[in-house]
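Dropping the structures in below, format is structure tokens.
Look at the two complexes coming up: chain A is in both, with chain B in one and chain C in the other.
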Partner chain A sequence: MIVLQLKERVFLPLEAEVISVDKFAEAGSVDRISKLSVFYGRDKMELGEFFKIEGSIEDGRILIEGDLSKVKRIGKDMSWGVLEIHGDVGMHLAEGLRGGKVIVKGNVSDWLAMGMSGGLIYVDGNVGNLACASYWGEKRGITGGVVLINGSVGDDLGRRMRRGTIVVMKDAGDFAGAGVIAGTLFIMGKVGKAPGAEMKRGTIVLLEEPSSILPSFRYSGEFRPYFVDFYISYLERNFPIKFPDKLRGSYFRRYMGDFLQLGKGEILVCLD
Partner chain B sequence: MSFKMDKIKDTFAEAFKMYGARIIITAVSEKWALESARSFTGFATSVIACGCEAGIERTLSPEETPDGRPGVSVLIFAMSRKGLEDQLLRRIGQCVLTCPTTACFNGLESEEVLSIGKSIRFFGDGYQMSKLLDGKRYWRIPVMEGEFLMEESYGVKKAIGGGNILILGESVDAVLRAAEKAVEASRKVKDVILPFPGGIVRSGSKVGSKYKFLKASTNTDFVPQLRAHTSGDLPKGVKSVLEIVFDGFSLEAVKEAMRLAIEAAVEVEGVIQISAGNYGGNLGQYNIYLRELWEGS
Partner chain C sequence: MPNDSLIIKGGIVYDPLNGVKGSIKDIYVKDGKIVEDLSEEAAEVIDVTGMIVAPANVDIHSHIAGPKVNSARLMRPEDHLRDPLRRKNGLRSGCGFSVPTTFVTAYRYLLLGYGTVMDPAVPPLKARHALEELEDTPVLDKGIYILMGNNNILYYLLKKGDKKSAKLFAAWLLKSAGGYAIKVVNPGGTESFKWGKIFNSLSDDTIWGIKPKVVVDILNEVACEFKLPHPVHLHTYNIGIPGSYKAALDTINAFKDNRLHLAHLQYFCYGGDSWATFRSESVKVVEALSNYENITADMGQVIFVDTTTMTADTPWEFTLHKLAGGRWSNSDVELETGSGIVPYRYRMDNLVNSVQWAVGLEIALLLGPWRVFLTTDHPNGGPFYFYPEVIKWLTSADARKEMIEKIHPKAKKRIYLHNIDREFSLYEMITMLSAAPAKALGLKEKGHLGAGADADIAIYKPKGSVAETLSRVEYLIKDGRVVVRHGEIVDASYIGRIIRVDTGVDDSALSNEVRELFDKFYSVTFSNYKVEDVYFKREVVKRVV
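For the complex of A and B:
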């Protein structure tokens, strides 16, 4: 394992997309890793100027410690290995993640997992806005992988996601699952305004009744979706997550929509 | 080995190359998973007339199933991939989809797969939904009860069918008792099923018949009351014979099941001989010699 410790808190954004298992493995030695380029504000500097770096990347594991709330783009395009972060992290974490695991023990800023297509992200904390969302002007959000957030998220969660699974154990802000093309979101706390707005297909599973459902969604009955049991079993067995007991074997109220789009999406609300 | 080897005839069972799959059926309770599994494996005793051979491998606890509900593991074997695909389509469609609360998953990881769910999904009449999790596709098919969840692709691999033993005894009671013990013992082996009712066959067959239209007919050499017409190989005192057939994913598993079955049956009072069915070694790809089952053990 290679360990990075932030030498001192940074105040300007530090663009550190070089911190990924792929890039470290390509560089090889600690010496060469220390010389990888980062941008501090607009100044091009070396990674070693900000982090004390020790260990070896041979086993494909990176541990980063410190307040990284100004450090951006960590884990960009990573395709394998494990990246573990102890501390808060800045924007664009795990952008374009293709494989491997990113584990965060702390809070994460906006734009988590933008363009992700595979792998796993586990955040033991809260996440900002636009998690797993498409970038402005892009047609698709995440296209695969699993994102588990053991806290709350801001607005626009999973916007335009095309595939993948997102689990939020606490609250989600407005427009959760807006424009979803396909994929599955679990939100186990309160959800803000207009969940699923303009969704085409896909599923949003809610533990609590939302404050409102858009008029472009239609009530479509109550039933017992066995796939929820299957998802719960899969996620609990493979990841450090525990769903509320009442979710298993439960009946759900189903809303189909958004009929301004295809109308093949669904919002499932767990019934007591 | 504590029994006398001379009770075991120096002969071999002739087994065949087949294709097999493992299906995991889950339901709200073990009762309903078993109901579906029994229906799925019904009329699947022999490829001679059923199109496949199938059986329940074992029941599964909620911890062992993909959706955390009670389940049953079912093995199914056919002579070709196409035949297996056809049987899976029919049996999942008619016996699992139709059964209350069930879901259906693949239980065999293999590079070769059959995309059964791709066809069964059409039952949803356009309202079916797919889910992709961990690289595997699942179908949620709306049904009156709620929804039927099934995995799209099922692993298939080459397998062995037709491993067998014959239990020859002095009475129906004796051979039935021995066969029951043999079935109980061999069912402990993973990757193997015994496709006949209760695992036991009373009507072993030979290839062909005096009637040209018939592919198989009663195994005259082992029918005690036909001694006057046959080769007379049946040992003195034999009044009844039962057969146990074994299908499995590997030759080793089939051999292990045969070995355990023989060990359980041979010492039962009234058992005169343990033999095996073969066609002179000309038809099957595998000859399993009974006396060699203990080699190396």
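For the complex of A and C:
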């Protein structure tokens, strides 16, 4: 394992897309890793100027410690290995993640997992806005992978996601699952305005009653979807997450929509 | 001013508007203007013996400001990341490849010898934003063209048959938004797109029951009656698609009796009836244009780079998004227009892009520097700081031949470029870069070095070729201030001016009905619509009648 310790808190944005298992493995030695370029504000500097770096990347594991709330783009385009972060992280974490695991013990800022296509992200804290969302102008958000968030998330969660699974154990902000093309979202706390607005297909599973459902969704009965039981069992078996018991074997109220779009999406609201 | 008097001594002067072609003479500058004579004792003398002295360049069509550029900046973080510029010698830091920050835009233009740049597409409602950005684009003189070709109120007044009110409204719009010229983009097409319709014609009825030709005719009448310095700047219909040359011919035929500027003409010179049969039809367009000296054009040259396209031609951007995939941004500007943004990479191994590359050069070489001006429709065809590449192709048949060997092998049969031997001389290039666009813009104080002209002077050190010579200035004098010295920017503290026209049409000239339409349909009230004077801290107002 290679350990990076932030020497002192940074106050300007540090663009650290070089912190990924792929880039570290390509560099090889600690010396070379220390010399990888990062932008600190407008200045091009070396990674070693900000982090104390020790260990070896041979096992494909990176541990970062410190307050990284100004450090952006960590884990960009990573395809394998494990990246573990103890502390808060800045924007664009795990952008374009293709494989491997990113584990955060802290809070994460906006744009988590932008353009992700595979791998696992586990955040033991809260996440900002636009998590797993499509970038401005992009047709699709995440196209694969699993994102588990043990806290709350901001607005626009999973906007235009094409594939993949997102689990939020607490609250989600407005427009959760807006424009979803396909994929599954579990939100185990409160959800803000207009969940699933303009979704085409996909499933949004809500544990709590939403404040409102858009009029472009159609109520389509109550039923017990067995796939939810299988799905949560699978997730619990394979990932470090525990769903509320209420979800198991429960009946759900189903809304189909959004009929402004294809109308093949569904919002499932868990019944008591 | 640090130096209110300058003598530029011993340079080889090229001044096409005054017929000076490589004469050795001194240029005298006093209080920001060129004067006939000056005493050496009171002035700073800059010895430029052996160097080329020319008027500073003028860009007639470059998207450098406004909400569309800002949306593109937001949309393309990777574009900034690959082109950072550090703070140096008192200059600001910045970034951007295809959509640079305002300061970087100015710095790069200055090093190319530019003194004036016009942003060609600003909706009146968004003029404040564009003017704020232009204020942050230092040194250069700037102006904006106001989009009117899809304005709902204009169409409404014309449908009522109230031509007089329509003309007054257009003139008021130009003045109230601080514009320099009238811009028309795909008249009727952008607005129809908002209603789910594809509309490509000048002579069919739009959704309002008015033909776009009628609207452009009225705007031409406004340009004539109010003696606007620049005619209607027209981006016609069917941009970029196979067979677009028919739209160009139709447009030329429809407005042959008027002064007119055809924007980025390259995109309207394509033949074929599908992408598979895409070919150049520049010769037909050039033949049609050659009879009408009253119509000018700019190139809209394509460069083989990854760039960002942006235009108020919303249906075209939607088509391009479907062709290219990837990101797309679409916006609606209330009653005025819309716009779209799509990142796009022009590739040498792409047949269509290869033909596009050749077409731009064909029209420039066939029509000559007084009729067609150098632009890349920045950033649509490529960033403006690739102009030296274009100059290389315009001034060297060998450089073109070398490129023709590199582009798509099938392109050669579909273009005319390999049959054109013309090579622009240094004089012709300076004409194309400065004198001709200044003349087309009606900027009488720009584009020449005669007495009374603005002291906007570009001085180049001769190098191996014309393109190398014009690729970077040795000195740039802007309004009598030395902005670039020994090839480096030394003073960029000066904000430059906004050039606009005053048509003299005030609010009182508009009917109550127009005010009511504003208050009924706009998100801003009539009284808040007009751009306030505070936006014009340093300006040149062309008062017209």
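Assorted remarks:
In this text, the second predicted complex is superposed on the first by the 272 of 272 C-alpha atoms of A that agree within 3 Å, B and C clash if a C-alpha of one lies under 4 Å from a C-alpha of the other, contacts with A are read in each partner's own complex, and residues count from 1 in each chain.
Assume a residue touches a chain if its C-beta (ideal position, glycine included) is under 8 Å from a C-beta of that chain, and two chains touch if they have at least 3 such contacts.
Being a predicted model, the structure only gives us computed values, none of them experimental.
In this superposed model built on chain A, chain B and chain C occupy separate space and fit side by side. In the superposed pair of complexes, A:Gly60 makes contact with neither chain B nor chain C.
In the superposed model, A:Phe230 lies in contact with chain B only, and not with chain C. When the shared chain is aligned, no partner comes close enough to touch A:Gly151: not chain B, not chain C.
With both structures placed on the common chain, the touch criterion links A:Arg201 to chain B but leaves chain C unconnected. Of the two partner chains, neither chain B nor chain C is touched by A:Gly125.
By the document's definition of touching, neither partner reaches A:Gly263: not chain B, not chain C. Between the C-alpha centres of chain B and chain C, as viewed from that of chain A, the superposed structures give an angle of 130°, to the nearest 10.
Set against each other, chain B and chain C differ in how many residues of chain A they touch, and the higher count belongs to B. Residue contacts after overlaying the shared chain place A:Gly137 against chain C, while chain B stays out of touching range. Of the two partner chains, chain C is the only one touched by A:Asp43; chain B is not. Between chain B and chain C, the smallest C-alpha to C-alpha distance in the superposed model amounts to 24 Å.
Within the complex, the chain A residues that touch chain C are 15, 39, 42-44, 135-139. Residues 28, 65-69, 101, 103, 129, 131-134, 138, 140, 146-149 of chain B touch chain A in their complex. Across the interface of their complex, chain B is touched by residues 144, 163, 165, 182, 184, 201, 203, 223-227, 229-234, 238, 248-249, 264, 266 of chain A.
Residue ranges of chain C in contact with chain A, taken from their complex: 71, 74-75, 81, 84, 86-87, 93, 325-329, 341-343.
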